[in-house]
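Lettered A, B, C and D in written order, each chain numbered from 1.
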Amino acid sequence: MNFKTSVHRLLNSQETRSARIVAFSIHGLILLSVVTFSISTLPDLGQSEIMILRWIEIITVLIFTVEYLLRVWVDKRPGKFILSFSGLIDLAAILPFYIASGLDLRAMRALRLLRLVRMLKLAKYNKAIRRFQKALLIAKEEMILFCVVSLILLYLSAMGIYYFEHVAQPERFKSVFHSLWWAVTTLTTVGYGDMFPITVGGKIFTFFVLMIGLGIIAIPTGLLASALAAARKGEDAP
Amino acid sequence: MNFKTSVHRLLNSQETRSARIVAFSIHGLILLSVVTFSISTLPDLGQSEIMILRWIEIITVLIFTVEYLLRVWVDKRPGKFILSFSGLIDLAAILPFYIASGLDLRAMRALRLLRLVRMLKLAKYNKAIRRFQKALLIAKEEMILFCVVSLILLYLSAMGIYYFEHVAQPERFKSVFHSLWWAVTTLTTVGYGDMFPITVGGKIFTFFVLMIGLGIIAIPTGLLASALAAARKGEDAP
Amino acid sequence: MNFKTSVHRLLNSQETRSARIVAFSIHGLILLSVVTFSISTLPDLGQSEIMILRWIEIITVLIFTVEYLLRVWVDKRPGKFILSFSGLIDLAAILPFYIASGLDLRAMRALRLLRLVRMLKLAKYNKAIRRFQKALLIAKEEMILFCVVSLILLYLSAMGIYYFEHVAQPERFKSVFHSLWWAVTTLTTVGYGDMFPITVGGKIFTFFVLMIGLGIIAIPTGLLASALAAARKGEDAP
Amino acid sequence: MNFKTSVHRLLNSQETRSARIVAFSIHGLILLSVVTFSISTLPDLGQSEIMILRWIEIITVLIFTVEYLLRVWVDKRPGKFILSFSGLIDLAAILPFYIASGLDLRAMRALRLLRLVRMLKLAKYNKAIRRFQKALLIAKEEMILFCVVSLILLYLSAMGIYYFEHVAQPERFKSVFHSLWWAVTTLTTVGYGDMFPITVGGKIFTFFVLMIGLGIIAIPTGLLASALAAARKGEDAP
């Protein structure tokens, strides 16, 4: 098991220089596989380019597979690792290649990007991450309350604008579900311009809906600010 | 009155298991009625589908009517309940069905969604809700002041852009009222793109109007953040 | 001078019931004149309607003129009143009618709306207004610094996008001045859609410009929040 | 070296009246050169106008060159000045004129605008600038963490919308890179309207992406607010 422990240390700790090289290489490979996937979506690629991308992909998946199998093998509780969030992401990154279910699921590989957050596992960033987690914990009930209330407001806005605009713009505001799309893009102030009210009632209704929309943006901002301040204060407490 | 008290406890308290089942079922029925109403607005529905939706609607309204009548009966002060916010919402949810005044008012039923907020009536959420109410109380005068000032600014922006753009785009900026719609969608930064200035004067005016618009978004956010922090501090005070 | 003092008290104090009636009537008249002006901008007005609006306007301006002359007369220092902000607004509200310089300047009347803020001159709102003024004073240098930096960033964004997009879209990004309009509507996230980059360089540049834009929205919000909190804390200090 | 010290004091200190006049003139010249450059980008300029702009440009660059050479000469460590941020900006402002590489690089001159921030070098503004720098230092790790997480989320949004919309809108969502542009303009809520989802899956995905987008705007705002408050508190500490 000496070999097993060495491999474990190589993959998970960041103390020895070899471990850091391994971590750095895996992260570099994640970035590479993400970039090659993006390039592969470009139209008008030449045959040789497609070949090169394909080979890089094969090699990358092979290395990821070896890494995954090693991780399962060295983990004290393999079952727990396989079912954990990290474990599932790693599996989703390599499985589509073997199941050959089409181009789409290879996109799952991009979820490995979330592992890049581990790159910031230095003491300083740990402190910042913990402060965020603490802030989220402090504001947890308020965030959930806010989510529920926003969803209800979103739906009521959709229904209201459907009532006002359905007759005047039957092609756009076809149903409450179509109006939900308008509610989302308007309340978040994105405002693509693909749907907007043209009746007077619809415009007045939108005015009130937008006043509430401001509240929707203001609330989580206020929440987070006060929670972060509380989290920070808790640290400096005498 | 033992029966009356039992029904009262069943509808309003959440202590016994039966009461929780009743509450859960009513909430589930609210969600169902909202979903079926949304589906009924979809175009191109087949005859059988319309039939099914209609039957679900009839059954749901019947159950809501029974629930409403029970609530009125068991309440110690029925008149107060009927005129209360919850009472009016519940009545608005079932009345359109009996008055048969058209499809539109059935949308009122969606207001019952606001009752879903009662689902979060756990101790933890109560604390969050109370914190919000306290924050709103602390910031009450500032919020009203902010509202009055924004309305005045909205109107002045509308009048200004009308002055600048009316000649160049008579179809768009037809009157001050039409320009008010531009002011609303621009100051909230939604920016649909259905109306925008094309004259130099209009663009410069919009620049200043937007600088103030930033202030409009910043102020309630700052207000809420400081009020929430004050509310939170009031709780932890020694 | 007993009559002069009585009129002074009638116009400026709000203690006696008559004074409050006078204040309320003047405010109501301001709102009325603003509404009639807005209606007068509507196209397709009938002759009788235009007549009615004209008469209301004549009567309103007459009352405003009397009020203005009274205010000048009863003020201890008339010159100071005439040159003060309120005095100039009141004069601007009635002058266009006498100078008959066209429809446009009657819009100045709308500035009287700013006097409506005086309606909130109750103790509670005074406290909120003073808190805002205190917050603005605390954050004054930071706000000015923020303004200067934003203007510079706005200009640099305009110049950058001109460099990237001028060749590809010569009609849209005609000059640095035209690009300034793009910078304003993009950095405030309004995004009308009348101008946007289509080159790769322009899009990448916009990405960085928008990251800074987020900072532009975040900074005054953070500024105001911390200043309001400081202002509030200054009040509760033991 | 008396002359050298005098020139040094003239250029860098702001104590004597001559030094202030020099500083004011240089700043005025920066503004002038920026305005003339902007005007030179306007189409349809007459020959005489182009001549005047050209002469102003020549004179301005000559003065900037003299100023630059003087600064290098009087600086105790010329090499350090040449390589410093200010030094490079000053050089970039005059070099394109001599290298004659085309109209484009003259835009570099606009970077001199950043030197205008030095105009605010009064005690009061110093305090505000220092407070900002302190706030940025306090929030440094959180800002970097936020940046990394946003970039990952941006990429995942781009990949997701590509997956949903590529088939339905092959011209718009051509590749993951094209979709990245959509992700940027949507998550910052600019919403030009040049690209938006039309499939149901795409719209639902966008809803979730926008919910996260709200978080992206809320987080730096909350960060900055709490950091500014902490910086301000650190000043008033007994």
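In this text, contacts are C-beta pairs under 8 Å (C-beta built on N, C-alpha and C of every residue); 3 or more make two chains touch, one makes a residue touch a chain.
No experiment lies behind these values; they were computed from the predicted model shown.
Student: Over half shared or under half: which fits the residue numbers at the contact of copies subunit A and subunit D, same or different?
Tutor: Homomeric contact, different residues on each side for the most part.
Student: For the sequence-identical pair subunit A and subunit C, determine the rotation angle of the Cα superposition and round it to the nearest 5 degrees.
Tutor: Value: 180 degrees, nearest 5.
Student: Whole-Å distance, subunit A centre to subunit C centre, using C-alpha means?
Tutor: About 41 Å separates the centre of subunit A from that of subunit C.
Student: Which integer distance in Å separates the CA centroid of subunit A from that of subunit B?
Tutor: 29
Student: Provide the list of subunit C residues touching at least two other chains, using ranges where the numbers run on.
Tutor: Residues 189-193, 217, 221-223, 225, 229.
Student: If each chain is a dot and touching chains are joined, what shape do you get: line, ring, star, complete or other?
Tutor: The chain contacts form a complete graph, every chain touching every other.
Student: Can you check the complex and tell me which residues of subunit C touch subunit A?
Tutor: It is residues 189-193, 221-222, 225 of subunit C that touch subunit A.
Student: Using the touch rule from the top, collect the residues of subunit B that touch subunit A in their complex.
Tutor: For this pair, the touching residues of subunit B are 34, 37-38, 41-43, 104, 107, 110-111, 113-114, 116-117, 119-120, 124-125, 127-129, 131-132, 135, 181, 184-185, 188-194, 216-217, 220-221, 223-225, 227-229, 232.
Student: Can you list the subunit A residues touching subunit B in their complex?
Tutor: 141-142, 144-145, 148-149, 152, 155-156, 159-160, 162-163, 166, 174-177, 186, 189-193, 196, 203, 206-207, 210, 213-215, 217-219, 221-223, 225-226, 229-230
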